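There are two complexes below, and they share subunit A, which is joined by subunit B in the first and by subunit C in the second.
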Partner chain A sequence: MRCLKILVLQIALLCLAVAPASAMNIEVTNFKLANGMEVVVIPDHRAPVVTHMVWYRVGSADEVSGKSGLAHFLEHLMFKGTTKNPFGVFDRLIDINGGEGNAFTTRDYTAYFQRIASDRLGLMMELEADRMQNLVLTDENVLPELDVVREERRERTENDPSALLAEQIDAAMYTAHPYGKPVIGWMSEVAKLTREDALAFYKAHYTPANAILIVAGDAQPEQVRALAEKYYGVLKNTFTPMPRLRTPEPAPIAARRVIMTDPRASTPIFQRSYLGPTYSTTENRDAYALDLLADILGSGTQSRLYKSLVIDQKIAAQAAAWYAGDALDNGSFGVYAAPNPGVELDKVEAAVDAILADILKNGVTQKELDRVRDKSIAEQVYTLDDQATLARIAGAGVATGLDARAVFSRDVEMLKVSLDDIREAAAKVIRINRSVTGILSPERSPQN
Partner chain B sequence: MRCLKILVLQIALLCLAVAPASAMNIEVTNFKLANGMEVVVIPDHRAPVVTHMVWYRVGSADEVSGKSGLAHFLEHLMFKGTTKNPFGVFDRLIDINGGEGNAFTTRDYTAYFQRIASDRLGLMMELEADRMQNLVLTDENVLPELDVVREERRERTENDPSALLAEQIDAAMYTAHPYGKPVIGWMSEVAKLTREDALAFYKAHYTPANAILIVAGDAQPEQVRALAEKYYGVLKNTFTPMPRLRTPEPAPIAARRVIMTDPRASTPIFQRSYLGPTYSTTENRDAYALDLLADILGSGTQSRLYKSLVIDQKIAAQAAAWYAGDALDNGSFGVYAAPNPGVELDKVEAAVDAILADILKNGVTQKELDRVRDKSIAEQVYTLDDQATLARIAGAGVATGLDARAVFSRDVEMLKVSLDDIREAAAKVIRINRSVTGILSPERSPQN
Partner chain C sequence: MRAAVLRTVMACFTLVWFLNPANAIDIKEVVSPGGIRAWLVENHNIPLIAMNFSFEGGTTSDPVGKEGAVNFITGMMDEGAADLDSAAFQARRDELAVRIMFDAGGDQFEGAIQTLSKNRGEAFALLRKAMTAPHFEKEAMERVRQQFLLGAKDDEQDPEKIASRAWMKIALGDQLYARQGAGSPQSIANITPEDLRALHRLIFSRKGLKVAVVGDIDAPTLGLALDEVFGDLPDTAPPTPVKDVIVAKGPLVKVVDRDIPQSIIVFGHDGILRDDPDFIPAFVMSNILGGGGFASRLTTEVREKRGLTYGIGFGLVPLDHAGLYIGSVSTRNEKASETLAIVVDTLKKMADEGPSQAELDDMKTYLTGSYALRFDSNGKIAGQLLGIQQQNLGIDYVNNRNSKVEALTLDDVRAQAKRLVHADRLITIVVGRPEGIKSTGSGG
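Right, the complex of A and B next:
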């Protein structure tokens, strides 16, 4: 059985999801088909392969209440076949042609991709266009998939205390906005999803005008345009996509803490997330500044958190920071530390707090800024030297409302980031009332 | 302008929302009209007045996501008039006839009531039946009411740090279930409610089969039946109410804390809520046991919390406990303390924790149980010696799925509650993973 997966937001990927146009010279061609489907082409001719992706502007944050997990469940069901291509045909055709494919769902989008020999691009489009409108769902093929998803939740979440902690932190962070619920859904709600739910969701969100085609690899823009018009351009929209107006999260007014004890936790964990802006929600340089600040604070052995907690004070085995800024509505800035054996979590938290307080008071140094900026650009060059990554970054950008070209020229803005920008962004975001602190520990308290 | 209000769940009322049939001898007649509307009659002939209430089985927990506050907003709009009785007529007729009326919304129901001379009961039914189906909403009468609701939220919530804290505790308590959002709604969502939203909600939830008529006072059951058939019985259902299946709250797995600093807070507050059962969700005696345990712990100067924290240790100015068990899906058991000036909240919390730990380990004494049970029954006799309270308790019970008679004979079950029942109920509910601890303090932390 195909291994479907939820895209776990990789901290590393998020921090590096930018490429200076100057350094990378990434060519981006984008246009719209007459039916509204957006197309982005990123040529890469080093090998005769293409990455073909179709992204839908719908994710778990677009589900109605009580139906959590529906976007991801539908992602699974998209492999159940159509009248023309019954169950198994899609996968078999990819296999026969030496390709590979998969799909993933996040809060903001659902994406399907294949990597295959470039002369098979038309075939991929034909198959993907077919299932955009002709999916056949029956109770027989839908209901057993619920067990698959539940098992997936068991494996990835229920059996992983740190995943459970992350889920609880999100739930505490968001009081109104749907980012508070897990992409895979709450078990009780997943268990009750039906064929009708899936079909209604499919019909409400899957249409060319709500889709983005990304082709990266050995293909010319004009050739992609011709194929896209042939396969996707002929599809009629079954509805007009509405603006994605999720309810705004009210301004946070209380520091929150989530304290989890789980005997399966191999090591105690302290982590804290601050509600932050995203590349999509800011007009200024806050997102860039937070990306760089996260690196200064917690990326690598020269970072402030690592140097202080792990090397100097020797109280932590790990320490890190991150900024997750690639989302439609809300991002998060986070810090993390795992204490050394015998060290109280309180002590680690106090040490992190002291470092944050120092940043808020004194800012960072130009030397730090220069160092992480250079490193970031170097890493981007490396990360983006991969067709699938190019396609994914372009898709994630466009699906969250950014310009296809902008996501590959973030370096231009990043070079403009000043010490004051970082100080200002930190002052806006690193506020205890915007935060949820998560504590995971294997020890159970008496009342627990 | 009419003063509409949300029913603030009164702790006192909740604890006392029971009347021993033996002590009170409350007669309850109930029946259904052919269209499905339930009717409950509670005669009380001491004065020639009646309390007339219509309850709809819809509250804020039935709103879809992004539309918080809609149930309460519609409650306001129900006073905007119908074709037959334009704006103002309803109120004027009540005034002219020496009556008074109001309305309230909770998570589970929306209720409208009038108290008036008993010979005007037919008139009240005529007016209430009319607006059940013939409400006229225009942008002109709907949109200005949004300002009224926003002002209400400002006054009752935004300007009251303890109300804000309660809201944040609920938000942290519920990860999936809609009890996590405030009845009045989040400001950002309230601001966007429209005439169309209100009308759709009205059409989806206001119909005889989804309504309950409660008449308490100077009226005979047969007379009420005749009037109810004349005014409400002629209404046709415009839809069939669906079962109220809110998504179940996942089993809690983490202790949560909400730390609020607000310079307007006159005194620091420690409070903690534990997710608990309700009278509607338990088949056993847990709800009764929790009601009594709350009294033992925190009702009056002889309660454990008060005696220990206020009298003996002298660390708190106030200490209390409560059980809110009258809801459709989830209840809460809570403890509260306000430290004396100069006493750290930590110290107060530790003292409360010690008392809870003792209860969990050793239970309560028969003397304590007898004392609070006697007191509870005596208070019920007093509380229920009021027509409006009788009507309200009957309505709240039926609207949350209980039998109309059962809510007035809780004493029978309460008398059966044993020390073991209390021990078992406490062990199920007083678990730190089921809790949200709220801290309110006027001092701001450096990062805040």
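Right, the complex of A and C next:
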């Protein structure tokens, strides 16, 4: 209880320091177990349900060269059983307790989760703690799972031309940094992954000090602490996690174009990504500014791209922009357009370029900034309605080195963003030498 | 992600299923001064309100040759209404940070609004405009048409959509449900503003209206809001329901050639309606055979034991006037034949022997335990309550459902396996370059 009081005091001090308070007004409690495992608790007592997640600070960008897909393959294998709970027991215990669970892998983290009645939280921790250290892998269960992963790649990537284009754009964007390879892995490398590879990766990355526990929903912080200490706190670290130093991406110097024709593409698509910073790599307001700029440029029907290309010029059916600033090392700022029938892609690209040039030259207006910022802040409140989303936001933040409370009060910093901030961030990122342009079009038939 | 669950055909339909929450949910029926009924769950913990509603009449109301017209309305509801043109409407919506969504199902036209409770008044006023006086203005319509065309062209190339379209065409022939709710590029090109106006008049009627509301609003306030939003809609009869549908019987296999590395297989036959007296034991049985999660027999045989797929499912699809029982699986072309054979064997075994007592016991605790996961947000609760109303299950359904599942015996569930699972009746569509599978039967 002593620690808890200190914690409450810290929260109070923090709030004083950063006033005005965030629109979300969310009570986040975080602490560390003695073995270094981080814990974040987000209360929502409207229903007797909890979301229990364990995140590991390891993703596809932490794989060694030639072993792409290993982090994700291990994620699948984590369901294959332990000495105490052989294959099938884990899934069955979740099922018969009325829970639902799954897992996911990204470039920076691997996360496992269950949603279940709140009085079963202890059982979930017991099972998750067990498989953090006691996984048993045999060729008998590893080999069919490798086939499952290859089917997953066929289903989600190879049967979908736009997914293939996205993969090619990433591969072209990164010359050295591991974000250039797909999370699911290249088929040729996935095919060669082995039980030994998976076990070695598990032993090198899965330990309490490299893990984060997130509990959102119907649970009290002190109760989560007691359970976490009982199940996770007793685990001993098998290694000390090292800083995550990936090969940095050299400053980009050449504009790249990826042109893909695929008869399965129904209509042509233009998109472009610019290499950018992230919330984790910046101390200034660049990431906030880029988020707001993406909204001004290409979120919704009032955005510049939509208004110009779709409403006024009528040359595109869709036009949008985005900023992905939630990764550990590199982010991307992107634009997209789907031309109307009979309109050449070149014309759409020129129209997008003209809008980008105008923003670089003249910036955006205060009215635009206020509009997207007000909406963005108001919309944050909606995330309060979904404990699973709250848990994911917290996990993704902490796993990429951010403070659990800070990710829920971005509106506070967002309010400080000025027109100059946006102009500066745009000038740094929207440069053709930092970009990969992707073109997808159906193969031309012999007739035309 | 480790797992895919049911997609393809099944993704088009929502199946309402849930059991009593451990702490009973307090659902009130609210009747507005103007006589409009809604179900309300009050919750003032967070400053949000969710309202889901539906009208009778969905994409089956599309005129022949204008398939996609009802769906088209969903894209036009924010393109100007009453005194606001398209830009002004959207600006107002964004300013209020209100979310307004529409969706056209086969039998129902659904809508949903979510708002911060502080913007409640303005949000409902805006919704009222969209509901009662949408513009369907020509220039906006051409813009939205291009967007639907983009989607329809994508659907024509998407192997999962190709498979489900082909399945529906063979199983249902020319009956209304077999048509694509989203329309084809040809039919979308034919739709006029007059078509949209006529369908709007036909469908948006108080007679077919059902409403569910959850969140930071009390009953008297809701009563007034209901009259404001829906009170001026006409009280005319909803569209005539489609006739009960006859589902064709296999066995039949049709291969649709596509140069892709993985075959997409959609398989199925007739099923039952939601008001079937044995729907509950049937649903429990179908979950054991091919439900989501990792323990179903099909997942165990096809994925876990043999690594043939990333995801397989087989489930009941109870439309208002057609009972279907549909599954899907995808696998590399060279394993398509083996995969299909395992599916058939697994179905036969279930029909012959039914589930075991242990399978039934596990499924009961899963279904009764996972009830609450469907009730942990305003948006989810509103969706569930609307579904119960659409299926006429009664306001006490949420709180008495558990006992019905608990009471099932092994004989109840085995009888449904024998009655409903028919490997010899399957209509099977394979999209890809499957090895060792050829088209057979009359549809080939």
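Simple rule for what comes next: the second predicted complex is superposed on the first by the 421 of 448 C-alpha atoms of A that agree within 3 Å, B and C clash if a C-alpha of one lies under 4 Å from a C-alpha of the other, contacts with A are read in each partner's own complex, and residues count from 1 in each chain.
The rule we apply is simple: a residue touches a chain if its C-beta (ideal position, glycine included) is under 8 Å from a C-beta of that chain, and two chains touch if they have at least 3 such contacts.
In this text the structure is predicted, and so the values were computed from the model without any measurement.
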By residue count, is subunit A touched more by subunit B or by subunit C?
C
Based on the superposed arrangement, let me know which partner A:Gly99 touches: subunit B (first), subunit C (second), both, or neither?
second
Of the two partner chains, subunit B (first) and subunit C (second), which one does A:Ala176 touch, if any: first, second, both, or neither?
first
What is the contact status of A:Val49 with respect to subunit B (first) and subunit C (second): first, second, both, or neither?
second
Subunit A - residues contacting subunit C, complex
44-49, 75-76, 79, 91-92, 95-100, 102-104, 115-117, 143-152, 154-156, 158-159, 217, 263-267, 300-302, 310-311, 314, 317-318, 338, 340-341, 371, 374-375, 378-379, 381-382, 384-387
Provide the residue numbers of subunit C that touch subunit A in the complex, in ascending order.
1-4, 21-23, 43, 45-48, 50, 78, 86-87, 90-91, 94-97, 99, 114, 116, 142-143, 146-147, 149-150, 153-154, 156-157, 159, 258-262, 264, 293-295, 303-311, 330-332, 362, 365-373, 375-379
Which stretch or stretches of subunit B touch subunit A in the complex?
64-66, 68, 164-165, 168, 171-172, 175-176, 178, 180-181, 186-189, 245-248, 250, 253-262, 353, 356-357, 360, 430-433, 445-448
